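Structures incoming, each one as structure tokens.
Each of the next two complexes has chain A plus one other chain: chain B in the first, chain C in the second.
Right after this comes the complex of A and B.
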């Protein structure tokens, strides 16, 4: 075999490898295109139906059997306070659990077992949390079908997500940073407070965004614990009965009249806006924190 | 360190156990969990009954908690909306847990009124009895179940009950797959079926009326709890046959076609008249509300139920249902005023009864 022949064979081989690379890049592009097309179609469909119904009444009025008078007031109140209460309960507990597991807990069979359980809990269907909430909070603790019971249930639902994401973020902080702080005489708590948590915060916030976005769109567990569908009065406090945006949207979608389906589309836009607003807040916080280092 | 480990261990065990309980016994856990705690549970969320003995219209306040059937909910919501406009201090929230889910909560003492698209079942009567919950059963409107085909279907304009049974009975599963098998004169075309999901009162009623046994039918059809999905399915499938509430047909007349039903007295199309006067049989069903006996003595509940029965005819029509014959509402109101508890149907799903006869007979006693 001559050297020239070998060279041309190599060139042929190289060409094929490049071709494979291009093919893979093309497939990946197609995949993202597919996802985007589906998303854009959905958005266009929702916006075409819903935009004309996106009026001030939608925010100030209670639900009604007349589509032109119907609004999301009670659902917005419910979703807003549910998210605040859920965040207040789930975020501190979630981050603290992650810190304990990642920074303090000894690597024993027991902690590994706990870790596996938390990861598995993140995959438990949400309706199961609803049943847990019904038995534990609504009936066991006697909270009734209240906003607080809903928020507690939602906290349980998103805790595993927050813990798993926070742990990933803490683990990504290089050990050398911790060691440097320890070398300078910092106590474990000082290391965590001033260094590890600071560096991990952007990752933790990403996890919180994901978790809260999931919570705001959940319906099944809330229906299970007894969230209502039609509420035409303002929320009075954490022990009051409540409804949320997805329940109201679902109710409108299932009504026979076309106008209510358009109203549901408007409700979906509001829910999208709600989620985006929440995420924007988290991203804003994340950027602020990043600048401080 | 050791102690923290133990604590975490215990907490996890408890959490895992609770989750497992919830997963394995979804029906048992809620009902058994805390029956005695119920009174305490229900109270904090509901404003306590007003101590005021006067029934002065504007003075009424409190909460009338309604839950149950998604079919009846639009009527209850419309009534609640009108009632709250008149009595702004009374709060009337409405939940949708389905007829069965609603009775579960009702018989646990958690709600004042339960919406139902079928009469209370024997098992639910038992559950209520066990918890000492008495109830007043009141019919509020009719719902017609429509049988529908694709608009291009020009051969199946009328089907007999026997033909529908042949299509839907459990034995038909995997056997009746062609229109020609239903009737010899039908073309040789595949048959695709759409219907209400098995959790709905609609399904229970349809199977009881057509197959003869509630909850028994073939399994190889496309089920959906959302009637709008069924409308989409049938309007896009030239071989389709399906059933759902008449209200959804009214809104989609251009996309789907009604089938007349022959119950031995000729073909009858469902309409306000034929459902209301009882000629559209056996697919007309009454819709009910169940009022908790102890709640019925609270002035705000009393006023609400009275308002409900006085306005049900107008409001049920407004949201797409069919009012009961005018004479029935006063009879139902009498039933409420006399606080007659229990069911007229003995735990069965009635097919083809007239409420008038039942209510009149009872009150003559």
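Right after this comes the complex of A and C.
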């Protein structure tokens, strides 16, 4: 009888353990579901608010005191050219740094220093980069509140992202490929140029797209270097004052009128269009890459 | 003679290699120069600031009013606002992020996981100005319905939304930490009859504890440095309060406020943003380094 009791007690105990497990697993699922619900709610909220304001003049008009007339023309130009300039500066430097650290760098104290430094730079708040840009580019180099000063600041901001992603892509290339090329007498640079970089390219590209998508949405550092919100003329060159999409949105969000809030939502739809498209592209590229390896 | 002909291209390739190596080395120093630049700019302006304002005023005063006629330079109201919003964000992001990580690494099938991970990445990829809009125009009105005394700008709304912004970071880093626990530990737990959840809570999480801690610290650092959500939704009133329904001001929001205003750039009032920036930089630097060393120690343990 005592054995039977023990068995049923055990079975009861086991049932309770499994029940507890299932409950907590359900909780874990709910956590992720909640995150998705928030994402969907955010998207619906923005679309409901902004869709009626998503009209042609939003793209062709300059900002205005009258919400019906206000548009994103100068902001779109600013964002576009900021991206181009930032990409031109950050991509070569980022890939070069990654190649050096991953393929050449000897294991010295300096190398380790550079590595700790990059990992820390990736965690420096973006607004601090704005203060750096203000001190170094706007004042120090005398570039003023120009597009170039903004692009330089943004380049430094996304550099760690590109370096980290490129290093991961390079590391994922099997050493056997390098060894085969070296065994055939190639110099390290020939190995990198003809083989390692070729194989790592889609991984690097994924990192670049994610970094650029981050740069499109960054607001704080550009506010700090003094990008303006009200610009009613076309961008003429890299030394011109400028504004970008998220700053224009921020400006509209800070105005009390309901119409400007809606206009901000319309601007957000445009901004999200860019960033989500870039993110989707990056995810797609990465998945294709994973299947190939 | 023949060996000379053969050597020529090889020698050229070798000198190209040396050249490229040198160029790449110099380029990779830009990241170090960036850090030096940050420290230099912040230090220079902060020293100017402290030549006019004493450290005692900065750390002992309890009011922050550099833009008013009666100027006071006590940093604590801004630190208080920053920490208040950050703690709310962490209360959301840490439990939900860890649970999400557990679900993805231990429960979700590869197919489900293939959908969930990109979804979280989209959540992480949304510009913060968008989260700010959401906090102000969606979350705050709801809070006002539940707690009528809620002010238009308040710490709770910004903190909650910020929590969901950093949730993907917590989830993905924690998942990495859990995934890096050797499979043999799971097998040992299962073979002793542990249920799946017991394996998670009694084996995997303790084993991944350092990695998860590193993720939490990094999330904290991210929350402290986040700017646009608080600039839009948390207000511009620096005060020492724990009331999350009131308008407050964070360090980052203050920097934005002064940058947008018409404060002359050479004035003491403008220099405050560098002193505040220095404080912010040091706080996040300590957290980032801590997180880096903890995460690296784990990697060494399991390799």
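Here is the rule we go by: the second predicted complex is superposed on the first by the 243 of 293 C-alpha atoms of A that agree within 3 Å, B and C clash if a C-alpha of one lies under 4 Å from a C-alpha of the other, contacts with A are read in each partner's own complex, and residues count from 1 in each chain.
Here, a residue touches a chain if its C-beta (ideal position, glycine included) is under 8 Å from a C-beta of that chain, and two chains touch if they have at least 3 such contacts.
Being a predicted model, the structure only gives us computed values, none of them experimental.
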(request) Report clash or fit for the pair chain B and chain C bound to chain A in the combined superposed model. (result) clash
(request) Using the superposition on chain A described above, determine whether A:114 touches chain B (first), chain C (second), both, or neither. (result) both
(request) Have a look and say if chain B or chain C is in touch with more residues of chain A. (result) C
(message) Which partner chains sit in contact with A:226 here, chain B, chain C, both or neither? Use first/second/both/neither.
(response) both
(message) If we overlay the two complexes on their shared chain A, which of chain B and chain C does A:65 touch? Say first, second, both or neither.
(response) first
(request) Using the superposition on chain A described above, determine whether A:145 touches chain B (first), chain C (second), both, or neither. (result) first
(request) Give one of first, second, both or neither to describe whether A:261 is in contact with chain B, with chain C, with both, or with none. (result) both
(message) Output check: A:136 vs chain B and chain C. Expected answer is one of first, second, both, neither. What do you get?
(response) both
(request) Applying the touch criterion given at the start, work out whether A:102 contacts chain B, chain C, both or neither, answering first, second, both or neither. (result) neither
(message) Based on the superposition described at the top, state which of 164-172, 218-226, 272-280 or 326-334 belonging to chain B clashes with chain C.
(response) 218-226
(message) So chain A touches chain B in one structure and chain C in the other; where do those two contact lists coincide?
(response) 100, 114, 117, 121, 124, 128-129, 131-132, 134-136, 139-140, 223, 226, 253-254, 261
(request) Could you please specify the touching residues of chain A with respect to chain C in the complex? (result) 17-18, 20-22, 24-25, 27-32, 34-36, 38-39, 41-42, 45-46, 49, 93, 96-97, 99-101, 104-105, 113-114, 116-121, 123-132, 134-136, 139-140, 156, 159-160, 163, 185-190, 210, 213-214, 216-220, 223-224, 226, 246, 249-250, 253-254, 261, 264-265, 268, 271-272, 275-276, 278-279, 283, 287
(message) Could you list, by residue number, the parts of chain C that touch chain A in their complex?
(response) 10, 13-14, 16-17, 20-21, 23-25, 27-32, 34-35, 37-38, 40-42, 44-45, 95-97, 99-100, 102-104, 107, 114, 116, 118-123, 125-134, 136-138, 164, 167-168, 171, 195-198, 201, 218, 221-222, 224-228, 231-232, 252, 255-256, 259-260, 265, 273-274, 277, 280-281, 284-285, 287-289, 291-292
(request) Please give the residue numbers of chain B that touch chain A in the complex, ascending. (result) 1, 5, 8-9, 12, 16, 18-19, 21-23, 26, 29-30, 33-34, 37-38, 40-45, 63, 65, 67, 70, 73-74, 76-78, 80-81, 84, 91-97, 105, 110, 226-228, 245, 247-248, 250-252, 318-320
(message) Could you list, by residue number, the parts of chain A that touch chain B in their complex?
(response) 63-65, 100, 106, 108, 110, 114, 117, 121, 124, 128-129, 131-132, 134-136, 138-140, 142-146, 223, 226-233, 239-241, 243, 251, 253-258, 261
